[in-house]
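After this come two complexes, each holding chain A, first together with chain B and then together with chain C.
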Partner chain A sequence: MMTPQDIPLYEEVVNGFNRLSAADALGRESSDLRRTRQSAFERFRESGFPTIKNEDWKYTNIARWLKDEYALGGIPGGSGGAAAYGAVAENVRAAVERARVAELDAYIVLLVNGVWQKEDAGGLPKGVELLTVAEARQDPALSGYFERPADGRERYFAALNTALFSDGLFIRVDAGALPAKPLHIIHVFTADHNLLVQPRHVWVVNRQAELKVIESVVTAGVGTGAEAADDKGQATAKIWVNSLTEIIVHSDAKVDHTVVQTPGERTRLVQHTTVRQKRQSLYNNYNFTFPGADLVRNDLQIRLEEDHTETHLYGLYLAAGQQLVDNHTLVDHQKPACFSNELYKGVLLEQSTGVFNGKVYVHRDAQKTNAFQQNNNLVISKKATIDSKPELEIFADDVKCSHGSTVGQFSEEALFYLRARGISEDTAKGLLINAFAFDVTEKIKTAAVEAHVNQLISQHIPLTHA
Partner chain B sequence: MLIIKNLHAEVEGKQILKGINLTVGAGEVHAIMGPNGSGKSSLASVLAGKENYEVTEGEVIFQGKNLLEMSPEVRAREGVFLAFQYPIEIPGVSNINFLKTALAEIRTHKGLPPLDAKEFLRLSKEKQKLVEFDAKLVNRSLNEGFSGGEKKRNEIFQLAMLEPALSILDETDSGLDIDALRIVSKGVNKLRSANNAFIIITHYQRLLEYIVPDFVHVLYNGRIVKSGTKELALELEEKGYDWLKEEAHENAPTI
Partner chain C sequence: MANDNEIIDNIANKEYEFGFVTDIEMDVAPAGLNEETIRYISAKKNEPDWLLDWRLKGLQAFGRQKLPEWQNFALPTIDFQKISYYAAPKSKKKYDSLDQVDPELLATFEKLGIPLSEQKTLAGVAVDVVFDSVSVTTTYKEKLRELGIIFCSFGEAVREHPELVRKYVGSVVPYSDNIFAALNAAAFSDGSFVYIPKGVRCPMELSTYFRINTENTGQFERTLIIADEGSYVSYLEGCTAPMRDENQLHAAVVELIALENAEIKYSTVQNWYPGDKDGKGGIYNFVTKRGICKGANAKISWTQVETGSAITWKYPSVILQGDNSTGEFYSVAVTRNKQIADTGTKMHHIGRNTRSRIISKGISAGQGQNSYRGLVQIGPKADEARNFTQCDSLLIGDRCGAHTFPYIESKNNTATVEHEATTSKIGEDQIFYLNQRGIDSEKAVALIINGYAREVLNQLPMEFAVEAQKLLSITLEGSVG
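Take a look at the complex of A and B:
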């Protein structure tokens, strides 16, 4: 068992934070924000990085990735800005091309290591305002979003992000605004030496407004820089992304949020998303994770803070290689008459590991709650594993709740039917994986995005490794 | 076209086929009848290559080649088609994409160029008409939510699309209403030629009034216990199977 002191990154962030405080690099920030950072930092120092002894990380052992050293990137007050990425601009451009969704008419917003590349931004839709978080947190009218995070008691990665985040994207949609096109936010992460990047994003969607966002997470040649190569010229640089997004959906507002995660090897991605929903708001999340990154851990927390909300969570994870993909979701029914529905599906290939934990918490006040959850997994290879755990905690009596979880292999009957029509075994398996994923992909409302996701599925379907 | 010699097969250690001998020539229609559980579907499954059946003895020659050595998909590409007794539903696989994929693989196997989208559509329209298959069903998920009769009709639509040399129809008639039975039979009759053959498994003489067989065989307890012409089907309709069962037991080899 590693103690926190044995983890190079722990030392790096502790020293980094102390250095910053001593140098008063945070001095330009409000005293409230500094206090928030300080207390988050204390919590992180206490909790350290999670181990399998922590209930929420029981099946997700990250020790092997914490053996690597990482430099703290883009710290508050530091530069870490766009200029630093000039050298890899070509890689970044290639990554952006990969992230692009064909035939999608959208406003493209490009972020490199969490920093918005404003010069690339086209005209923004009316009623939508974009700022860098660096700007927004200096604005007295907006700084509250950073001073008082949704959860003031978080630990581990979320606490670390609060303590040391530097930049990200701030989105505000005016009340009643109905932007004609979706935003396509492309997050490119890149490093030529081992790096920890901690973006933080805040979206505020005001009353009766609508926002459609597609987020693509890609890496640009992580580890392809000259210094990063070993003596065989093999790339070795690693990047740890610890990203946090807070979304506030005000009453009667609607948010449609699609996330496509396709970062490459040597990427360790921890994405924490907290959504706060107000009265009669609607929030839809579609999350797609594909092979590539070593680790993907998504924490998606939906806090239903007022009544009559509606929430749909759809997820598809396709894991391969030695990959570990972990989806933790929480739907926190605090108030009456809210509806939530969740469907996550997983396809586990090769030696991959999948983890699904779906928590539904129904408070005593949350009468007339409707909460449904389903997790289905297709384990293709004998060496792949899945740990699926639905958790329902219900303290109200007048509720309708259900959950279910399945783990299965290919249906022999279905495979035989397809093969008996002349279709090869591999193609038949591909068709069946697509069919399995279909329940989730068909939920995507934008045809271009659906096609994009289907194309990614086909691209990663095992034809020989199964 | 097809020669089955002394075919023995078991499933989960249980002997099901106990020495089947059957020869089907090009242009012929053979009907196979027999009581429930006698092994009719098992024979069809073994011919199609279902992997949970183990052939323990005998051989099957299809168009001069050893059928039993081929994978199910190669058998299909070589021209064996099984219309299933219980076609399964595969949600999420579109009927038409599935057929497009199947036809493309079969054509590649035969060294034929793939059909372009237009040609495929034309062929599909033509065959839909032949079996009066509802266009709406063509674009749905494979058999998902289809009625029993619609599933059976879909099997025959697929058969028409893939144009196999040997078609095995496993109780295609059960589940079809009277009109559908006539339509499907008409379709099959149109597909009949001097170059292909049909094995029709059925319990009912009615189907054989529409698709007139050259031979009728009775399968009982894993063996063909009687063969004859279409008059045998009529006789069975009248007398049932008991007289044949008795005969079979009298003739069974003693150990």
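Take a look at the complex of A and C:
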């Protein structure tokens, strides 16, 4: 087992934090935010990087990726950040093109290593305001969003992000605003040397407002994977993305949030998302993970802080190669009469590993809770592994909660049915995988996004896998 | 409604029916756990050196291990040095018939409702009575002996069948398995031993009634059941314990070994003292139970009805090593007042075509906390393995809790694993439906609970099923509302 001191990155972040506190490097931040950073950093020092001895990381062994050295991006005295991508700007452009959703009429926001490229701004939907987190965190009117993270006791990567974040995207939707177009946020991560980047995003959707967001996560200049044609043999740099997003959905507001993750190889992506829902709000999340990155770890936490909310979580993960895709979700029912529904489906190819952990927590006050959760896994390859752990923790009695989890193979009958109609075995299997995924993709409300996701599925399910 | 409240109060305040202390002279070892104690126990029992060595290894393993922290409850501090590790009735004679047994002991059993004296005519139950730690009397031994079945106390087995004990003890639950198993390995007092020879179908249910007696005596039973090729045995374990103020630790170990084509059915009704309504006193039931289907087509089935103990913490497991072997787990766990149950099972699929089925029904009332924790593990060689898991929780009252922690780990693409869980309260519509038909709410709840638990109760042997059903009704009567 590695002790924290054996991990080169540990030393790097400790030095980084010391530089930060010494030099006021992050500008005019409030003393509360500094305290928040300090206590988060202390929690990180205490917890270190997670190991498989930590229940939440039991199946996700990150030791092999922590052996690499990474430079700390985004803070002064470190390296990387916005300036570093200039050399591979061409690749960034190419990556943006790959992330683009055909025929989607959206307002495009480009972030490179977590830094908003404002020059692309213009034509922002009415009632929507965008700021860089670098500005927002220094603005006394907004710094409260950073001083009090949703979970004040977070550890590991989330604590590290709180301690060291410098930039990201701040979105504010005015009360009652109904933007005509969705936002398409394209996150490009790029590095010419091993790098840790830690973007932090805060989105505030005010009362009775609506926000539709499509997020695409791609890489340029790291790895090859799907982007092999663009930057062949050029890059060997590794990038670790430790991203944290907080979304506040005020009462009667609606948020439709789609995430498409297609970063390339040598990317280690840890994405933490906390959603705070207020009275009668609606939050829908659609999460799609495709082969490419070495590690994708999504922590999606929904905190139902007021009554009568509605939440839908849909996820689809296709994993291939040596990839490890880990989805942790938490639906925290704190108040009465909330409804939550979750469906995650996984297809495991080659030697990939899938991890699903879905927790539904019902507090004593949360009577009349309705919570459903389902996780289905299709294990295609002999060498693939799946670890599924649905959890229910219930302290209220007038509730309806259930979860189901399955691990299985193609239905012999379905295969036979197709074969009997003259369809080749490979094609039949491809059809069945698509049908399996359909339950999730059909939930996407925007046709263009649905088509985009379906296109990615067929691209990643070459029939030879079957 | 007033009536209901009254009943609730009655139930909540109900004294533990089986709480009484039998006054029999006891031979008690001084409290404390160290090499000396272990040697004392071993010497008392005239054990061979290999067993003493094994106990000492267990003691070392105990010293190396820490108390677990992953469980879903706060583990009370247990002072292992305050426990006396050996207690045996002093008058240690061999009895030929029941007449010679201490009449007070017999009276105890009568209070418990164990039909020991009538058993010869009843149901064909052979009871190996464990009074605290040492086996006092064994009935039906002769009849079983004719078939070559060995059913005796663990100590006797060590003396008379050392080759069998030595071969299998610790082979399923090694002394280093966990801290409580290590404690048991070091300090186990006695227990039961069963060996069913090749091709023999045991003609009767084998049964052991456990009782915990003598204050401050942790009970460390060790049960070892071996079903040789093609044999069958059904084993019952039932428990009640006297009322106590001080918590008592029970850290038993049960090992089952099913060879090719053999089947073992192990049933438990556990109704130890759960503590009073404030959660004071009560037994800590920390048991390690594991079986192995060693040969092809073997089958192990665990059935448990858990209504007692302050804390029930156990995961009867099956290692499905032989091809085509089967593991089953059926459980009803009831918690009320401040009781805690953290129970479930582990199914390790190793061989091809192995199957497992898990049915768990949790019922929480009052401030009871009920957790299902289960592991279904499919190894890379377990082609076509199949698992089905269903765990349902029923909540009665707004201060209780139900928790589900299933772990599914599959390393084989031909395996099929299904898990489903639900949590709900008793439906008002269900009670209304029964009320409409002239059934009062009280009876309606009993009816619904029994229906809810039926799938599990049906797995119990006849005698037990009746007892269990009664137990459920008594435990939950009046919890409507």
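In the analysis below, the second predicted complex is superposed on the first by the 439 of 466 C-alpha atoms of A that agree within 3 Å, B and C clash if a C-alpha of one lies under 4 Å from a C-alpha of the other, contacts with A are read in each partner's own complex, and residues count from 1 in each chain.
We take it that a contact is a pair of C-beta atoms (placed from the backbone, for glycine too) under 8 Å apart; a residue touches a chain by one contact, two chains touch by 3 or more.
What you see is a predicted model, and the numbers here were worked out from it, not measured in a lab.
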item	value
Touched partner set for A:31, first chain B, second chain C, both or neither	neither
Which superposed partner A:384 touches (first chain B, second chain C, both, neither)	second
Touched chain A residues, chain B compared with chain C	C
Contacts of A:434 with chain B and chain C, given as first, second, both or neither	first
Which of chain B and chain C A:455 touches, first, second, both or neither	neither
Partner chain in contact with A:406 - chain B first, chain C second, else both or neither	second
Partner chain(s) touched by A:15 [first = chain B, second = chain C, both, neither]	neither
Shared chain A contacts, counted only where both chain B and chain C touch the same residue	none
Complex interface listing, chain C residues touching chain A	70, 378, 380, 393, 395-425
In the complex, chain A residues that touch chain C	55, 59, 348, 364, 367, 377, 379-382, 384-409
Residues of chain B touching chain A in the complex	48-52, 71-73, 75-77, 81-82, 84, 87-88, 90-93, 97-99, 101-103, 105-106, 109, 141, 158, 162
Parts of chain A lying in touch with chain B, wherever the complex brings them together	411-414, 416-425, 427-428, 431-432, 434-439
